[in-house]
Amino acid sequence: MKRKLILAGAVSLALAMSACGGSGGAASGGAKAGGTLNLAVSQSLKSWDLAEASMGNAEQYYEPVFDALLHMDAKGAPTANLATSWDYDASLTTLTLKLRTDVKFSDGTPLDAEAVKANLLHTKAGKGEAAALIKAISDVQVTNPSTVVVKLSTPTPSLLRSLANVPGMIASPKSLTSPQVPVGSGPYTLDAATTTAGTEYGFVANPNYWEKNSYPFEKVDIKTMSDPTARTNALLSGQLDGAGISPDRVDAAKAGGLKVDTVTPGVVEGLYIWDKKGAIVPALADVRVRQALNYAFDSASIVKIAKKGLGTPTTQHFTSDSEAFVPELDQTYKYDPAKAKALLAEAGYANGFDVVMPDISSLFPEMQAAMVEQLGNVGVRVKLDKIPFDQFMPSILAGKYAMSYFKTGGADPWIAIQLIVSKQATWNPFHYEDQHVTDLLSRISTSTGSAQVALYKELNTYLVQQAWDAPWDVVKDVYASSKNVQVTMHPFYQTPPLFNFKPASQ
Amino acid sequence: MIASVEVPAESHNGSDGPLLSIENVTVQYPSKKWRSPDFLALKGVSLDIRAGETVGLVGESGSGKTTLGRAVLGLAPVTTGLIRYDGQVISAMNRNQRRSLSDEIQVVFQDPYTSLNPALTVLDILTEPLLTAGTRRAEAEQRVKDLLEQVHLPRDASNRLPREFSGGQRQRIAIARALCRDPRLIVCDEPVSALDLSNQSRVLDLFIEIQERTGVSYLFVTHDLSVVRYISHRVAVMYKGEIIETGDAAKVTTQPKEAYTQKLLLAAPVPDPARQASRRAARQKFSAKLHVAGPFENPAS
Amino acid sequence: MAVFLIRRLLAGILLVILVASATYILLNYTGSDVARNIVGETATPEQALAKAAELGLDRPLGARYFDWLGTTLSGDLGKSWFNNVPVSTTLFNGLPVTLSIIFGALILSALVSVILGSLAAVRAGWFDKTVQASAVLADSIPGFLVALVLAMVVAVNLGWLPATGFVPFQRSAVEWLRSITLPSVALAFGATAATTLQLRGSMLDVLKLDYVRTLRSRGLSDRRIVFKHVLRNAAPPAVTVLSLQFIGLVGGAVIVEKVFGLRGIGSIATSAAVQGDAPVVLGVVIVMVLIVVVVNLIADLAYGWLNPKVRAE
Amino acid sequence: MTIPPIDGTVTATAASGETAKRRHIVVRLLQDPVAICCIFVLLLLTAASVLAPFLTDQDPIKSSLAETLAPMSQQHPLGADGVGRDVVARLLYGGQTSLAAACVAVLVAFAVGVPAGLFGGYYRGRADAILAWASNFIMAVPAIIILLVVMAAVSQSTYVAMAVLGLIVSPSVYRLVRASVVSVREELFVDAAKVSGLSDARIMRRHILPVVQAPSIIQAAQIFGVSIGIQAGIAFLGLGSPTEASWGAMLNDAFANIYSAPLLLLWPALIICMTTASLALLANSLRDSLSGSRRRPTRHSDRVRDGAPSSEGSAAGDFAEVADDVLLAVDNLKVDYPVDGGRRTVVDGVSLTVRRGQVLGLVGESGSGKSQTAFSLLGLLPPEARVSAGRLLFDGAEMKGLGRSAMNRLRGKRIAYVPQEPMSNLDPSFTIGSQLAEPVRQHMKVSAKEAKALLLGLLERVGINDPARVYSSYPHQISGGMAQRVLIAGAISCDPDLLIADEPTTALDVTVQAEILDLIRSLQAERNMGVILVTHDFGVVADICDRVAVMHTGKIVETASVKELFSAPQDAYTRMLLSSTLEDATPRSPLKSMPKLPKRAQTA
């Protein structure tokens, strides 16, 4: 009896406490200058080892601790950061970087050319997404403590932008071998006391950081929150200052007093035609069939209804941030099911054709529904193949499906090309090669400036004419932030970079 | 119709031997507790029952009387010793062999509430053994009507459930079930101890009536000396797994030899204040004398 | 006693091995090309192959299984394939979350069900009917609905308690309590209903027993009889139910953790299972089975403690 | 017999002439409005999903971008979902998948659990041990995590998931079936069936399966409900395929649109709640009608009501209130119980008197109302009993109308009770000492130490050799005779004036009975207690009573001193009872010549 009384007492005490703490929901979220910036990221942190690092919204985990060699301006042009100047040779395969000399890692080691060399070689040998972006680095040479020379196996137009992101981040050479705790030269250091691996990462300001003005918060706290509802609730209840939310939460977020911005990460979604060789579905080898598929989709409706307006209808793989973007191309395939049918008939598929696609309704129900419906309208009969989630990407890459819904890409045109277009591109599972494309690619890689831009546009135009894929829209992500902070979106970053967060009061 | 059934037929066993013969039977149960000794329910018990005879088996709870009945029925495992029925060893039979004995040996249990399946009608309960034996349903139903009459139950009883009957009536149903295969031996395990006084004697009379008509033998297990005296030809007294005294009913239940039987006898109260007073006095004197030997109280509940 | 404990623990360990092995086979059954998912969408095929080799996924299942069994038996649960955090660390971080809310829910439901169950058993009439009906209804409402409503109303709209997140006890006891209150309540909802009904039933059974009447014949007050004698005798089956509830609550925790954005065992298991993060899934399975074994053992001991007859044997 | 009837079965045992209805479980269920509602809802849901093609012309699978989240309209009575599918059609067709998948879980669970339970429970032994181990094995498996793995790695089909769930929950079926089989197996009617020559298979089918049936239905309803719930949970976790039409898939879609169209969540949630609630309520009703506790009476007041004083003609009972030594005087006591359509009187106008130091025997057969009379004096009747009396004087004071706490001051202290069955009347969870000390401390206001000293003395007094050991023992550690001594010690511990003993020796062996009667007699004399001894045994009456009241069908037919009763019984019923006693019957003579009555011809 006595024990029970004690328990009852404890419970009522607990209830009393929760009642007292009434308004305390936002207490921890006061993001003033010198306060704590609370962010949430949907992806989990893959590793502190930059060689294993993911990109996308996982970038935010690395930004507090690691400083990148370069930054980008609002147009995506590289600007100085750890590197004060950069220079390509004529063949575009040797990049010389001059480094700041006043930077030290938080473990006291100076950040010098050797450290940069060690990092770049370490990262590029890795298996992460960041590593994939700089895999063309063949060697790094140290000229003097403040100068490194980066050798490329092949010209890589996207390299400078990559160096402004995770691939260009520099960790203390000592930590490269045991990356359990990140040691960098960035504006913050990881605070073990407020960190729970896999769940929450607390950072405190690095007193020796060389450019403190860009980072006004004393502390940064980044939580891993994969559930969109939980993120929205945390934002609404003031536990977070910023996080990505899902499109259908926009109205709720606005109603709850949050600021809502959109980010364009350079990802294009739509029907990706993998089997352009016609190995599984012979019809797809015919460019008229592929064009018909482009005409089949009412991108405007898909964006408006299925995407709740969060996207920009398109027919090309390159986004408006990209040098390869050609606005007029978006008019190429206006929604016209009649024309689609005509083209199919012309190609000998008056009765359409059958195709098997992976069932992705658990991931993208609206997209799949729209796709199946609109393909059906022009006579393409889709059979859905139920596969476990984790088989989605592997089975596409294994060449199991002739076409499917997909979304990928990069704001930088070269990155997009390396993902989708080139023969060896990851998302070219059938290794389809078009000689004209191959030629254009080699010319692009060895050109610069406006010549390069012109070639990009030429390639883009050709790809659209060839109906390489049938894109619907450029994906827009939603980023919500509390009134306590002022945050600006930044092209070429999939989430706003840390230096774009400021206290609202300033 | 009944008569035609009960016309004595030729003897099929010419020998003069007892119908049932229990020879030095031991029943041992493994202990549930780890490493404690096994429990000996019966310690070398021997007993004969002749055809047409009632042998009363009397004893207090835990004496092993019920176990002996169950051993005869094949419901308790015989560890050592033999049980012969009609010359045939039945104590080592398996379940299937045993089934062939179902028209020879039957049972009436103590509790008429749990010995009848509450979900079955009286007709179902009574036809079941017949149908199992291959009797056709129509015949079986006719037989049930006869049986109900034999045990003095109304014929319309067959469509009702056991719970609609009083204890005495249920016990009649149980007796009818025991009778339906014309057994030669019925093991009666305390068949009247759950009944009211007035029913007790009526049911006992029914047992006697049936025996006199059919010549069936009873192994009659009970704790009540007055019951045993009323129904048995012979009586065996059990105490702690052994038979300590046997003899004619009149002798054992009025002038027992063994001290324990005497004590049993003296402990049973007589429905007469004066005689009970003297019996009580006798008992107190007797137990004072016996006290050295320790009380006969049972350790198990 | 010691023999009993050791035997139970050995059986438990065997159980862990068997369940984990079954899960291992199940996980590897489809031969999922998990390396691809690990390196991410923009990585190259070469990187994926390298990853597969690093994880040993290119080796035959049998060899991999025995390797895994060996390292697991040596106590090494490995590292997550997806975030490289040692599985033991992940579990170590996740367990306090899950156990906090589960025990919170258990205590809550035990308290409420003892009170409601006893009163319902003793008081026939509208109170009993109301308790029964609301328990049945409460049990029928899907757990996520309760959790969602609590999160939306109490946390987001009223702001009384945090909507998401877990504060470790050692960081702040008050904040810890605040952070687990809503999830525990959500989790306790169904469990309380079931336990209440169970307790009511077994108390009704006990109330019919002879000794209750005898206790009444001695002039003891009804309250004393109900809360001392009847409850005590109705407790052993309730303890069994409670231990089964515990296992059920683990399932409920998966959903509640999702709603409240808690990184407990449940959400770890969900994300790992969906991704195909075998070491984490296996780690979770091993730990869960171990916990279940321990909980059952505790329930058995409690059962013995509550039931003198069992204790004697 | 002496246990007061709790439910409507009071009538059942009584009359054989009365054609009682066979109330099958289904029939009983159909008398419960809640059960009827639940069955109706479930049938409706099933019918709606089976007849879906006739109820809607919409396709549950076909999506339409244009109708995404369409509002309620003629075409879409409940609107359209996140990909433009008709909500009504999905609810209807979804029922097919969800209900069928839940059936799969139930079927798998039973297909595995029932044979295992039957086999293990009936044959026991090694196979049973292995099955028990396997069941423990499965029960320790974290179900939800295995489901997650299966859904994520093997198949997203709801049916597969539910089959796995069925397997995971099958131990609960196994345990239930096994427990039922074990308990039935010990029943005498199974032994009787064995002796009747029934094969194991037939015993299983005829006697064991029917017993398993009813709890199995409950279990099935529960598993069905759990399956529906788990389907919803899986959907919530985002596993499973939203293309198929199922309630879980609808939830999946609804979660994705929870902010833009929260109403979408309502329909599947509602239908799931309805289904699971119906199943749970149905299971509850089933359980109640099985245990017969459905019509649980509300407790009226404990108080004995006012009744009319006995009329002049009631000759048999005696009621005297005037004399000084009258301890208890009861006039016109009536006890009745509610039965179908009325009340049944079990004690009908009983009047009796107990004087100090007098032992009154209350004799009768089962159903005569003797125990009911005893319990009504103690206020221990079940709540639905209604008790009234003309007068009810204890030690000169009116007991009628006393509330519960006033009764509690009398009970145990001044009026004590000795029950029939010693073992079941001790609380098995507490030591003998602690349960004996409780009332002593309460009534005598003494310390624990004093109470213990007092009780140790009493235990010794009632003939227990080792009081200290018994004091600290649990009830299961002592014998029945010892337990009865303990209960007597408990009854006299507060020095009561009146002892009501309800067949105190019936459950005991005859030798123990004699000792207990001796004990009661000596205690009674020593303390000058009044005693009411309820019994059916005239031997006991002759042994211990001063006066006797004979009861028959709720009435006292005769009251007399012991001497008069045995020598000159007045009432016909008394005479019939006395003549039924076997004690004086002549012993049966030994079997004369061996009547060679051999085996008769079989009827067949």
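Labels for the chains are A, B, C and D, by order of writing; each one numbers its residues from 1.
As a convention for this text, a residue touches a chain if its C-beta (ideal position, glycine included) is under 8 Å from a C-beta of that chain, and two chains touch if they have at least 3 such contacts.
Here the structure is a predicted model, which means the values were calculated and not measured.
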Pair of chains joined by the greatest number of C-beta pairs in contact: B-D
Centre-most chain, if every chain is reduced to its averaged C-alpha atoms: C
Remotest chain, chain C as reference, centres from CA atoms: B
Distance from chain D to chain C - Cα centre to Cα centre, in angstrom: 32
Centre-to-centre distance between chain B and chain A (centres being mean Cα positions), rounded to whole Å: 88
Chain B and chain C: spacing of chain centres that average the CA atoms, whole Å: 55
Chain A and chain C: spacing of chain centres that average the CA atoms, whole Å: 37
For chain A, residues that touch 2 or more chains besides their own: 229, 388-390
For chain D, residues contacting two or more additional chains: 151-154, 238-239, 258
Touching two or more other chains - residues of chain C: 30, 32, 148, 258, 274, 276
Pairs of chains, among all present, that meet the touch criterion: A-C, A-D, B-D, C-D
Parts of chain D lying in touch with chain A, wherever the complex brings them together: 62-66, 68, 82-85, 151-157, 238-243, 252-253, 255-260
Footprint of chain B on chain D - complex, ascending: 9, 12-14, 16, 18-20, 22, 187-189, 191-200, 202, 206-207, 210-211, 365-366, 422-423, 478-483, 509-515, 517-518, 536-543, 562-563, 566, 576-578, 580-585, 587-591, 594-604
Contact footprint of chain C on chain D as seen in their complex: 3, 6, 133, 136-137, 139-146, 148-154, 225, 229-230, 232-233, 236-239, 258, 269, 272-273, 276-277, 280-281, 284, 287, 293, 296-299, 375, 378, 380, 383, 404-405, 407-413, 416-417, 419, 421, 424-430, 435, 438-439, 442-443, 474, 476-477, 487, 490
For the chain B and chain D complex, residues of the former touching the latter: 5-13, 16, 50-54, 60-61, 70, 73-75, 95, 99-107, 109-111, 114-117, 119-121, 128-129, 132-136, 139, 143, 154, 157, 160-161, 163-167, 169, 174, 177, 181-182, 184, 196-198, 200-201, 204, 208, 214-215, 223-227, 229-234, 248-250, 253-254, 263-264, 266-273, 275-276, 280, 283-284, 295-301
Of chain A, residues touching chain D in the complex: 229, 232, 248-249, 251-252, 298, 301-302, 305-306, 308, 359, 361-362, 365-366, 368-370, 372-374, 384, 386-390
